[in-house]
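Each structure below appears as structure tokens.
Both complexes below contain subunit A, partnered by subunit B and then by subunit C.
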Partner chain A sequence: MKDLIKQGLRLGSIFGVVIIFLILFGLTSTLSDILGEFVNLESSTRTGNPGGLIIFFAILSLWAGSKATASDRSNWKPALVSGVSVSLIIALLISGFILLVGFLDSLDVAMRDYLAQLDHLSIQFLLYGRDLTTGVLLTFGIFFFFGILGALLAYWYEAKQAGEVIQKQVLVLKEKVLDSKLAKQYKENPRSKWIGYGLLGLVVFITPQFLGKYWNYAMGTVGIYVLMGLGLNIVVGLAGLLDLGYVAFFAIGAYTAGLLTAPAPLPLQIGFWPVLFFSIVMAAFAGILLGIPVLRMRGDYLAIVTLGFGEIIRVLIRSDMLSPYLGGPQGIRDIAGPSLFGVSFSGKAYLYLIILAILLIILFTNYLQNSKVGRAWMAMREDETVAQAMGINTLYYKLMAFATGAAFAGLGGALFAARNQYTGPADHTLMVSINVLSLLIVGGMGSIPGVIVGAFVLKGLPEILRELDLYRLLVFGGLLVLMMIIRPEGIWPAPRRRMELHEGELDVLPPEENLVGKEG
Partner chain B sequence: MSILETRNVTKRFGGLSAVDNVTLQIPEGSIYAIIGPNGAGKTTLYNCITGFYPADEGDMLFNGKSLMGLSPDRITRLGISRTYQNIRLFPAMTALENILVGAHPQLKSNYVDAILHTPRQRAEEKKALEDAQDLLNFVGLKGKGDLLARGLPYGEQRRLEMARALANKPKIILLDEPTAGMNPNESVTMMRFIESLRDELKITILLIEHDMKVVMGISEFIYVLDFGQLIAKGTPGEIQKNPQVVESYLGRGAADQHKQPSKRI
Partner chain C sequence: MSDPKPKKTTSRINAFKVTQVIISILFLAFFAWRLYTVIDSGIYGPDTWVRFALSGLIIGSVYALIAIGYTLVYGILFMINFAHGEIMMIGAFSGYFVFEALKSIPVAATGMSFLDSYQIISVVLAFIVGMFMAALSGYFLEKIAYRPLRGAPRLIPLISAIGASIFLQNAAQVMFGPKRRTYYNPMSLARSQGWRIPIGGEEVMLTYTGALTFILSLLLLIGLYTLVMRTRYGRSMRAVAENKQTAALMGINVDRIISNTFIISGALGGAAGVMWGIHNGIIYHFVGFIPGLKAFTAAVLGGIGSIPGAMVGGLLLGIVESVGPAALGLDFQLKDVIAFSILVLILIFRPSGIVGEVLSEEKV
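== the complex of A and B ==
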């Protein structure tokens, strides 16, 4: 009993302190706004409608309460005891905190000078727009009540074995679906794979029609990151060369497209299509140029040199000295977009163009992966010395890996510049390289679907949760750390990588994923 | 005519001559062995022949063509394969993929073929896959092609490494302690296997080996190294009678046989 209370108090204080931090960061009001919008309460810090905040607090305390009973859910008594102790301490901490800031606010202490989030309006919001006593008591009540409710619900869930029951039903349902005639026909038909692809393709091609202008733009950005992710996947995922300056090739693609099509700083104004091709070639060429000096480097040294290369490119395009040729800090304006049969591309058409580019690149990546080139890259990643002893010209294949990855990034850069009709140094910071590498890690290194999922998570989610934009870096960091702990292989890993990280659990590649098992 | 020849090869590390003025001649279609105590320079000599260490002096000829100054991949492509004392497979690739990497020099398609998936590349890939499967069966790993190399038991890893070396269709194969860590039964199987390479595939064999039973059992001719120098050469019968070898090596070698294989370096 004593242990339970102690445990509950400890957990409660952790939760309490974390929630206070969330309030101080201002994350509470942001999340309440989102929740409020979600249930159509029009609640927000501005309107002063506290519905979202109440829901947010209720969810937090339900969660805390259910966590509290994790150690013993066999009986309702221990569940209740730990639930009460957790919710009591959280309720005391939070309402105490709100009492403190509310009291200070009523004395007109300007806390805002020290903590940006604690202005008068936000504090009023935390008090649900009521007076101090009511607000504090309400907070206490919410946390206490929902905390205990959470504990009891968790107990009930366990006692009724609701989890298992639901799981069983899902399994039964799954069996039924899989055993159905249609499913069998689908599985036995060798062409069914193409039906799946066809449906997917149809969805991909119809979706942009229903997206608004903003979403088309956002999805286009995601798409460009998918392109870069696929390129870096070859360099890092397949060939094992850690490249931290990947943005350089993106910049070279974008600037080649920009300089050759824009009226200034160079009055060339060549059409988009030949320039697109030229951008890819330039980026690939830059990839080889970077590759030559770093050929004999491995691991950390390679990472540092590539990092430097990325920065050099950024500094060059920013420099005043080169601004007559490269546009300097202002960048390049009025970059020409593509046109087909006299019709120039608009938002939707760009998205289609990007999707087409992605499909093409996926096809190429797939072919490369399942060829002697892909195997040579993998062998180099595994053991460079032995790879060379197998007759693989490691210098050549390293250069090809750099060039291929760079070409994909160059394509992405050219499309990016043409779509925005502008590109400048701010588009090509180190952050881009880090984003692309992060999306590989989050999605799953070496896996094509992983790249797509990763790009959606890292570039798409922030667009969806636009209000959370301020916290993107925080969320990034948290997400990456969490990923490394819970699922080091990524969200949608390549089967081979899953095997590497979960040794012994599965040591056979499923035939359809086997590189060599594929019938071309 | 010798398929592989070294002439006065010397390799120094600092002041130490790891390989000192060594001259070997390996005739085509033979099984030759190099023996010598630990640290005698046997593996260093292999590394010189395969191009990983540039030899400081001397010359090495393969079918009359000098190997000096060639990169390891070029040398492999000429038809010289090797295995390693401590097995060095590509651990996170499957058995079949390991063999296919070994077949790399045999595949003529280039990067453009690969990225465009040309009919020529597809045909070649299909053929390579069949050949790799055959090799897998040849070394007795039938049905294990989709297993990760590092998941295989020790003996099978040795055989897989051999298959990978064979995928290059070598003219000569340099084996580095092929029976290390094997029990007497396994050693005998390996001996028969090595002989079959020569008899069936017409591959010349050079091996480094500590197990005297294996060395005396299969080699036609033996070179003895000690402190980097060639101290004796001859048929197994001659080597067994050579007083210098018996004194400096065979006595120790016989004792070595009872030691754990992991203790050998």
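== the complex of A and C ==
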């Protein structure tokens, strides 16, 4: 009994603190706006109708309550005890917090100066538009009532088992689909693979026709990130070298394209196509130049050095000292776009150009991956010493991975600069490197479809959920941590990598790190 | 794309070493030439050099405090705690809120705010709260983002650390807003006041905030050194750093030691954050990132894993960074470039740092 209460209090305080942080981040009002829209309550922070907020809080407390009974569902008494303890502590924490905030607000303390999300309007919203006492009591009531309800519901319906049943049904359905006649025919027909690719290609080819101007632009950005992701995939995913300064090569590509085609800092104005080639070569060259000294370092040192390199490039391109040559903080304007036979690419045509580049890069990557080079890279990633012992010249292959990855980034940079007809220091911050790395990790390292899925999730989804734009990087950061803990292989992993990362789970002996500390 | 023959490989390594030596000689020659021309031209008088050195020492002592955090964690887990700069930022914000809260409490006896009436208490309170909050975040950071990953391949905790760093930065931005805030110091710690020292006919000012920062960080560094080297607890920390399994067999609770390491390094980082706020005056959500990177550079410069190394490295980096642009006749915007170039050069030519031991591959 005591254990149950203790456990419940612990879980409840975790939930409570997390919800308080959600309120501080302003996520409660954003999410309840979305919820309110969803159930058509016309509830939002603006109208002051708190329906969405109540639903949001109720769902959270139901979840907390049902979590509480996870240890014992056999009897209603323990379920009630843990439910009461969880919901009591959550209700106390949240209503205490709201009481404090509401009280300070009623004293006319300008809390907005310190906590940006807690302005008068959103505090009124948190109090459901009522006075302080009613609002706090209502909050307490909602959390207490729905928490206990959640615990009891979980006991009665045995929610966990219900989840298992659904999972089983999904599995059965999946097997049925896979065993069906059509699927079998598809699997057995040797040409079916090509039909599948053809269909995919058709979809990719047709989609841009139906996109508006804004979506065209957004998808172009996603495409450029796919390109960079494919490049970093070679460096990190295949060769296992963590490069945090990847943006440097992107910047080199963009600036090469900019400097050679724009009229401003250097009056060269060469056409787009030779310059595109030249930016790729320059980026690859920079990759080799950086690679020669740093590639002998161990993994985490390499990460920091490349990060430092990226920062050096960024500081250099915005410095006043080099601004006569690189344009300084203003960047480079009027970069020439591509044109062929007198027709200039813009809008949809440019998107096709990006898609074409992606297709070529995918073919090239696929070729590399299945060749001797790719096998050498993967061997190096697994165990450098063993790879060396097998006669692989690791330095040579590392340099090659670095140069190839850099070349892809250079291509991405040149396409990016030519599309925007502008490039400046603001385009080449550390966040670009982090974004590319995140999409690689979320999608699945070492896997080409993974890169594409990752780019759509991380660059495409935020375009759909514009309300959540403020929280994009916050979610990225959280996602990186979460993915590492729950699913380090990514959404669509390369089969080999999944096997590696889950190898330990099949071992009879636990890995040595698990033994440490438990006895101590 | 054929494999070069093994014989060629060995010759390549030699060529690499030769290039290393040539490049380093060229670098040194360039630096010597720049230094000579700048000193010869006499743009900067002796007072300016002293001013640069003083500000370098002060900022360097803050770097040293943060660098200790990297070194302690690296020494025990062989992991770069990328989010350590954000822990410093949390400390800086906590100190800021303490000052703001105390500023708004009036004291009837003196007719001034609490902050100005009881200045020593206020500063002590800011440091205690800042260190406590930073230590708390360090503890939870380890518990949430690193502990589940113990024993995973090396890159995985690093990526998790990067994620935590981005998360904390943006959480602070969303919570506190993106604007830059000015630290409101107690009266006698005004940033424009200090002792004036006459040097070469000019006056060089040593601000009170700078003196406070330098002395306090030295005290904290000495305190930490004593803790690690002289106490029973420090001995168990060193044992865990040496070999986790053996330490566990000797009856040391490894998990607790690791947690406490994060608490200690967090507290030092928090103190550094409050100092940063008091001395530099401006804080915002991104404030921890660049100092964090610099402090990591300092830790590497001194030899990562070594506590005296982090102290020496921090002070050295601070001085080089503030004297460097002037000495090389470069733009002051480029001081970050100098710091990161040092990082790159040290990692290439002497990865063990100034006082660091050579880490065997086995240990890693």
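Keep in mind that, in the parts below, the second predicted complex is superposed on the first by the 421 of 520 C-alpha atoms of A that agree within 3 Å, B and C clash if a C-alpha of one lies under 4 Å from a C-alpha of the other, contacts with A are read in each partner's own complex, and residues count from 1 in each chain.
Keep in mind that, in the parts below, contacts are C-beta pairs under 8 Å (C-beta built on N, C-alpha and C of every residue); 3 or more make two chains touch, one makes a residue touch a chain.
Predicted model only: the values in this text are computed from it and were never measured.
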More subunit A residues in contact - subunit B or subunit C: C
Partner chain in contact with A:Asp300 - subunit B first, subunit C second, else both or neither: second
Partner chain in contact with A:Ile441 - subunit B first, subunit C second, else both or neither: second
Touching partner for A:Val451 - first (subunit B), second (subunit C), both, neither: neither
Partner chain(s) touched by A:Glu382 [first = subunit B, second = subunit C, both, neither]: first
Partner chain(s) touched by A:Met321 [first = subunit B, second = subunit C, both, neither]: second
Touched partner set for A:Phe309, first subunit B, second subunit C, both or neither: second
Contacts of A:Leu473 with subunit B and subunit C, given as first, second, both or neither: second
Subunit B versus subunit C as contact partner of A:Met390, first or second or both or neither: first
First, second, both or neither for A:Tyr367, with subunit B first and subunit C second: first
Subunit B/subunit C common contact set on subunit A: 371-373, 391-393, 511, 514-517, 519-520
Complex contact set, residues of subunit C against subunit A: 1, 3-4, 6, 9, 12, 16, 19-20, 79-80, 97, 100, 144-145, 148-160, 162-171, 174-178, 244-245, 247-249, 251-255, 293, 296-297, 300, 330-331, 333-334, 336-337, 340-341, 343-344, 347-348, 351, 364
Complex contact set, residues of subunit A against subunit B: 364, 367-368, 370-376, 378-379, 382-383, 385-394, 400, 404, 496, 499-500, 507-509, 511, 514-517, 519-520
Interfacial residue positions of subunit A with respect to subunit C in the complex: 21, 24-26, 112, 114-117, 240, 242, 244, 292-294, 296-301, 303-305, 307-309, 311-312, 315-316, 318-321, 371-373, 391-393, 395-396, 434, 437-438, 441, 470-471, 473-474, 476-482, 484-485, 488, 501, 504, 511-517, 519-520
Subunit B residues within the subunit A interface of the complex: 50, 52, 71-73, 76-77, 82, 84, 88, 90-94, 96-97, 100-102, 104-105, 107, 109, 111, 113-117, 121-122, 125-126, 128-129, 132, 145-148, 151, 164, 168
